[in-house]
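Shared between the two complexes below is chain A, which has chain B as its partner in the first and chain C in the second.
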Partner chain A sequence: MSVTVGIPRALLYYYYYPQWKTFFDHLGVKTLVSRETTRGILEKGIKSIVDEACLPVKLAVGHVLDLYGRVDYIFLPRIVSTARREYICPKFLGFPDMVRNNIDNLPPLIDYDLDLYRKGSSLYNFFYTVGRQFTHNPARILTAYKASMESLHMHCRDMEAGWLPFEPGVNHNHEQRPHDGNIHDVTIAIIGHPYNIYDRYISMNMIKRLQDYGANVVTADHLPEHVFRREAEKLPKQLFWTMNQRMVGAAFYYFDRPEVDGLIHVASFGCGPDSMTGELIERFARKESRKPLLNLTIDEHTGEAGMVTRLEAFMDMVRWRRQLDDVAATYY
Partner chain B sequence: MGYMWICIKAMLEYLNVEVVVPPPSSKKTLLLGVKHAPEFACMPLKLNLGNFMEAAELGADTIVMAGGCGPCRFGYYAQVEHAILRDLDYQYQLVVLEPPQKHIGELLSKIKHITGRQSWRRVINGIRFGYHKAEAVDKLERMAHYCRPRETKAGTTDRALQNALKEIIAVAAPEGLPVALNRAVDIMKAVPLEKNRPVLRIGLVGEIYTLLEPFANQDIERKLGSMGVEVDRSIYLSEWVNEHLFLGLVKNTRNSKLAKQKAVKYLRHFVGGHGLETVGSTVLYAEQGYDGVIQMLPFTCMPEIVAQSILPRISSELGIPVMTLIVDEMSGEAGLVTRLEAFVDLLARRKQTREVLA
Partner chain C sequence: MYGYLGIDVGSVSTNLVLTGEDGTIEQSIYLRTQGKPIEMVQQGLKQMQAALPGKVKVIGVGTTGSGRHLAGVITGADIIKNEITTHAIAASNVVPGVQTILEIGGQDSKIIILRNGVVADFAMNTVCAAGTGSFLDQQASRLNIKIEEFGSLAMQSSVPVRIAGRCAVFAESDMIHKQQMGYNVPDILAGLCEALVRNYLNNVGKGKEILQPVVFQGGVAANAGMKAAFERALGHPVHVPPYFDVMGALGAAMLAREATNRKTTGFRGFDVADRDFKAGGFACDGCPNVCEVVEILESGQVIARWGDRCGRWSNALDRNQKIS
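Take a look at the complex of A and B:
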């Protein structure tokens, strides 16, 4: 009988799920993803963790609880660092321990360290230790690892081609995302952590809403790595959070692009890194650009109506400003 | 940050650098900081920003700040604060002392930039002088922690501590320090004490800035002292300097290695800041028979939130009451006092019942 590994639909799921799934598939291990976020899942998470934790962490705990009783293992890698001399947020570093010390009778956690901080550390070590749990055949782990890297690249290429993670219709041929037939007269860049903007419940379907308002939505994940890294070098000191480097780099890049009409920065309440980078982006926007920037902070109380009002107002402003620019261009 | 200015000032003045000490952090400092800092930044950043603005009014032109490389936000503070100050038209030059990215020369040239034409020998002497002052201050603070709950007349310890610190501050050259320290220790010893009075012992753990800066923690040590509690902090300035700046060069001092070992059972990886030390020290205090532990953190502090979520487990497994106090610009004094009194009452009662049972 094969075992089932549960993967919470939270945090870095949006980047690495294809990789993890392929890896486990090749080892003959079944995977189960927690259900899509609902009010119930979020409530469960809020009840089980300290109030001060940020929304994504509470939600992730909710997803872990959703897997409770349905799986043999829970895959909760301690993602310390995914690039040299860079970290992920401290809460990711302690997340497995936060879960372990707050929830009793959990199924065993697979929480090996994924740490690429030092020179010479390799992703393979991590996958090897994980693989050893299920097979003793190193060759099998290596094949699984190679296949998993392949699907990670595929996933990244898909996103660079303009798809959103796990959007229906992705065909993996890396062609630009076809036009969907509706009229999109403006382009809006959404800058935020993947687990905030792609989770439909948490972001209140922000991307879909904007598309319905006639906007083309681009995110930081549509940029290849070298682009946002180059842009982020405009900062006086290199940021040591990988994800925020992506956000800042993407924000700088989109501020410079003529086809982007406005930016939305999405942060969750109490997010540590975002408080710093949000400030940097805002200051950059004021000084270097005329593009409108909307700062949205989300937490577990966000009311949908408030969000809709702000998005609508923002869209109106973007269109209005563009018209004004057109008029100005005609006269001068 | 607490009494840190004493040693930094000593060090830089020894090197003939003119030092502007901003007025002690106050409501005004905090208001200045809150007004201009990002909303979700933690309180240390806001206070710091306020300090710099107040120092600018007194004529400072260069900021010297420590840096870091994550994952705690502190590593990026200097840059964000500098950007804010620049937008507010403060003409500051920024010097960040941090682990060099490429070459050790970067750090050395920065030190050279501050000190000017001084020999390296003198620079090193200056640093040592600063460190010894930190040690002296810590020693006096420890004595004050011991005296406060036992003093026969309320307030004598605080007055003695202030006088003793004045002795230390006044020293301008390394040679004079031992004598001054002796005088200071004598002042502290002169505080009349009732040695047999039963006291509670509480360990303070948490984020370093809130622990060391009396304004940030609303003078919690004095408040607890006057309630008859002997306090121990998990972090003292000289220990921190020794560990992080000298990389453990000075031997035979208490360091966080033990705390880190103790923490492993509950938290298996470091989380930046002092998260791991907080967890480990709590375990240590429990083992040393302290009556309770208080964790202090600024609102939204990431490493401490991780620690905070783990402390309840330690508390129930090792049977030590733990209270978490979160401070931010909205903290009120009365709220804090009420909570402290309740906590201390609880500990006293618990101790009493145990003694009766035993």
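Take a look at the complex of A and C:
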């Protein structure tokens, strides 16, 4: 009588899925991830939710609906805070309620609070509460929890070794990602929410496109936490939004790296945190750096053609500029 | 004589230029696309051929604009380039040392910032109509004024009327209001130019450092009222190059020269103008993405496809072509 828990391929899935899956595995609970984003999934989400929601939240609703009828539970932790004295975007907090209020006949949601804001709060408490739904054996929950933490660390270390989340070929040996043999003469840093940049439909396959144009792509997630936190401290005031810190810190870091030729900031239309991140990054770029920066905003109406034009022009610009620098270098 | 052909297919206009080997323009053609890009490319080629002295041999072709792939397939282009790069190349050749390019076309507008001769930054507006030439077209026709006369009339204004230009819809109602209040037409037109310039600088030009020399190009640069409005807003002169409305095509021709350096061109000849090309398309039902796949057919044979997110259709074609 094994049960299946559905996990939407959206929002923080890109960071925490390995952890969640391992946890449920150890409790003997099956997991099912919603299918990759398609236009159909996005449209379902858009139709079922209020207009004010940002695109990623609408998409997440689409992914919840994709699990409809195929699972016994849906895992939608109410993520309030993932680090002490920091918050995650308030939309995450309201997400489970939004789903519950807008969609009828859903399977039960597992939506306990994940809140590490306060001193003394612990991630274990969250997993313990979740685990209690499926077993009464605390030892089993503890083992599952420990294994899940191990998976999370593995996932982070894979990314730090240069892999993209769930990239085929990832081997968990934490050596630097081997070179794929193609010629990548430039390196581009993409700064944006994981659910925007790693979702192939939403990002219109931006990463793959850039790779095809001959770019190495790096993201905020390739950096260990202490690096982007240290970089974000360059700001006069600490940002209390975790994801903004990560993105701003990573942008600052990559602006300083000689091997990075340009940065792309990807924002969701109507996302408050993103417009602030974008502003901070842009100011920094103007004051402290000569590196090209491209701001891309994604919404439901973003045309693929416009995006391709911008990416191509950006790559031309990066190469053209570098050529100039090379020429300058031989003269001085 | 040898020459390079540049073709810019946008949603509003289709432009062709032919340059000599040194990059100077020998011939330029400006057509309205009218939603028929294939026909217009063909018509442009015909007109070009007719206008050229007999002995011109095309030794390179470049295409640009939103229809660049289409034009590239039809003509056998040596290079297919986005419109930011081609505009920048053309402007920096025509006005050496240019640091800012303001470009306003019919359906879109962009700003390109150059430093030390290379693109340092750019932005595009493809959504908001209030920042483009079609907005001026619409308002001119509402006032019963030919778009050609717009600029000279606007220049007669002494006190431009302030018109809200944040969004095309508001601007329109505000303009009607001002008209009813009895303002004269030149002042309203000059006010429209200022509204458009303000809108452009706030949206497209947001946060960009506009340094001299400034080049103003694209179809709207024909409008002297717009040039004057930019100069007033920026407080320094703005250059409109002689071929302001075909700069994309010019840049494409210049790139074609680079691309064919020590190579022969893929140009399929002017007689492609008489061949039978059709654009078709279908909605793929392979998965819930329901991509709208575009097909270009030559004499009933599919020669190119795009629009499929997964590559299912465009890749299939490559394989067929390799086999045949």
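In this section, the second predicted complex is superposed on the first by the 332 of 332 C-alpha atoms of A that agree within 3 Å, B and C clash if a C-alpha of one lies under 4 Å from a C-alpha of the other, contacts with A are read in each partner's own complex, and residues count from 1 in each chain.
One rule holds for everything that comes next: a residue touches a chain if its C-beta (ideal position, glycine included) is under 8 Å from a C-beta of that chain, and two chains touch if they have at least 3 such contacts.
Since we're looking at a predicted model, the values are computed, not measured.
**Q** In the superposed arrangement, does A:317 touch chain B (first), chain C (second), both or neither?
**A** A:317 sits against chain C, while chain B stays out of touch.
**Q** With the two complexes superposed on chain A, say which partner A:303 touches: chain B (first), chain C (second), both, or neither.
**A** The second partner, chain C, only.
**Q** Applying the touch criterion given at the start, work out whether A:261 contacts chain B, chain C, both or neither, answering first, second, both or neither.
**A** So A:261 meets neither chain B nor chain C here.
**Q** Can A:39 be said to touch chain B (first), chain C (second), both, or neither?
**A** The answer is second: A:39 touches chain C but not chain B.
**Q** Could you look at A:231 and tell me whether it touches chain B, chain C, both or neither (first, second, both, neither)?
**A** Neither partner.
**Q** Give one of first, second, both or neither to describe whether A:98 is in contact with chain B, with chain C, with both, or with none.
**A** first
**Q** For the three-chain arrangement built by superposition, which of chain B and chain C touches the greater number of chain A residues?
**A** After superposing on chain A, more of chain A is contacted by B.
**Q** Pick one for A:158: touches chain B only (first), chain C only (second), both, or neither.
**A** So A:158 meets neither chain B nor chain C here.
**Q** Let me test your reading of the model: by the given contact rule, A:87 touches which partner, first (chain B), second (chain C), both or neither?
**A** A:87 contacts chain B only, not chain C.
**Q** Chain A touches which residues of chain C in the complex?
**A** The contact residues of chain C facing chain A are 66, 81-85, 116-124, 126-127, 207, 209, 287-290, 309.
**Q** Spell out the residues on chain B that touch chain A in their complex, using ranges where they run on.
**A** That would be residues 38-42, 67, 69-73, 75-76, 79-80, 82-84, 87, 96, 101, 266-273, 275, 299-303, 305-310, 312-313, 326 of chain B.
**Q** Report the residues of chain A in contact with chain C in the complex, numbered from low to high.
**A** Answer in residue numbers: 38-41, 201, 204-205, 282, 286, 292-293, 295, 301, 303, 305-306, 308-310, 312-313, 316-317, 320-321, 323-324.
**Q** If we count contacts the way the header does, which residues on chain A are in touch with chain B in the complex?
**A** 49-50, 52-53, 78, 80, 85-91, 93-98, 101-102, 111, 113, 235-241, 267, 269-276, 278-280, 283, 287
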